């Protein structure tokens, strides 16, 4: 019975974080929200009697993949702001990342 | 207009998934295959206390081999795509506290990863988890000492060597044992001790080293592409 | 023995509760980081110590865990606060002293 | 509990699919892919759960004689274990492509890549 309540709470958090990951304006916040989805999913795996999967998800889903996303975001942003005028081939206006 | 079409598609997909949800009525007992794996004589034959490890390394070891191959392919393609000379970057000096703590923590984290994959057949954990932990130690190293060059050659050699040893051990089972990935080619030991389960801990350790070095290589490639900002 | 352990765990939970109230109350990033780190480190240590008293068989692993928490938690929040300062997240207006500004050696950018 | 987890997994799958199909920015599409991945893993682990049973690790509480009646299904867990690691590899590969595409065009809007459109 306790586990049922905990899993419902975890589900609410996961769904809210998925919504933030899709709809927030800032990419930074969206990436953090994706990491939080992975973190709480790992707690859910622990409740579902799968400690192996929980360990993997906690290390990979919320740690490594977030850091790889951050590296890419940093690369893209620094490309854009280096001289303010990154040339595109067809001359289109750049959209916000 | 376009979004409403996609919405209809998603709703249709959701109805399909609801059908799956409706047909599911909770497991009361194991499936037949899992019963076979959990039988006493089969457990005693394989001797791994962690049944997930037994499934990953012996029963479905060929899957693991393919998985490691896919990981190697992705690491190789990423290295091919992002390969460029590391630019000169101007970095702010890390604080003294962080550098000292990183020096203290990196060996401990690597030791934890090694512990996790050596004990993979007894406790929760194994090669994949240990590899991920080792890769997070490498991340800490990259963040704490960004001016040092990332030594990707070492990780490449480590990864190739452990992959080769994995395949050789598996093939040795086919030659002197009863089949590919047979784990009874070395003395079995006693159930529940560190030295047990035949070749499982050895193979899983090499899988751990391979996964750890592949993930580290991916991270190093993403680090090398950073530029000044 | 179990009662003492339960009391320790309860104290730890109360400290964690104070930390989470502080996260809402504090005015800016740095104060929130400080509250979050200090109080949650203490709360976690109290809870784990209570567990040691309840179940002495796990003492070695739990003490190792306490060591890890004491090592990593303050360092990570120190690095976070430093990064937040250098990307110029503003301090609260009620700030009295800003020592990192005075010691501009920390601000120096090092050429590789 | 497994019903709740199954519902969560299905909803996360649908959210990820929605993000993949409607978003314009490639980073957001990759985030949708990661959500889709996580949802599928939750569904598979929830399908492996057996009511009131322990994790598939034999120790002092789960004896070897009675393992059949006291553990959950280990096979989907083993599959998910490898699937998570592959998911990280595929995500990193997609991000590497994203870096390359950004270098080519200067933005990541999916609408500006129309060389293969006809």
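A, B, C and D label the chains in the order they appear, each numbered from 1.
Throughout what follows, a residue touches a chain if its C-beta (ideal position, glycine included) is under 8 Å from a C-beta of that chain, and two chains touch if they have at least 3 such contacts.
These figures come from a predicted structure and were not determined experimentally.
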Partner chains shared by chain C and chain D (touch criterion as defined above): B
Where chain A and chain D are represented by their mean Cα positions, the distance between them in whole Å: 12
Centre-of-Cα separation between chain D and chain B, whole angstrom: 16
Chain A-chain B separation of Cα centroids, rounded to whole Å: 21
Length of the line joining the C-alpha centres of chain B and chain C, rounded to whole Å: 31
Residue list for chain B, restricted to those that touch at least two other chains: 50, 52, 124, 126, 128, 132, 215, 218, 222, 225
Residues within chain A bordering two or more other chains: 51-52, 56, 60, 64, 68, 72, 75, 79
Numbers and ranges of chain D residues touching at least 2 other chains: 2, 7, 18, 48-49, 55-57, 72, 77, 81, 84-85, 88, 92, 95, 99
Every chain pair in contact, whichever chains are involved: A-B, A-D, B-C, B-D
Parts of chain C lying in touch with chain B, wherever the complex brings them together: 71-72, 75, 78-79, 82, 86, 106, 108-112
Of chain A, residues touching chain D in the complex: 3-4, 7-8, 10-11, 14-15, 18-19, 21-22, 27, 30-31, 34, 37-38, 41, 44-45, 47-53, 56-57, 60-61, 64-65, 68-69, 72-73, 75-76, 79-80, 86-90, 92, 94-95, 97
Residue ranges of chain B touching chain C (in the complex, touch as defined): 88-93, 95, 97-98, 101, 104-105, 147
Touch list for chain B against partner chain D, complex: 3, 6, 9-10, 13-14, 17-18, 20-21, 24, 26-31, 33-35, 37-40, 43-44, 49-52, 54-56, 60, 63-64, 67, 70-71, 74-75, 77-78, 81-82, 123-124, 126, 128, 131-132, 191-192, 211, 214-215, 218, 221-222, 225
Complex interface listing, chain D residues touching chain B: 2-3, 6-7, 10, 13-14, 17-18, 21-22, 47-51, 55-59, 64-65, 67-69, 71-75, 77-79, 81-82, 84-86, 88-90, 92-93, 95-97, 99-100
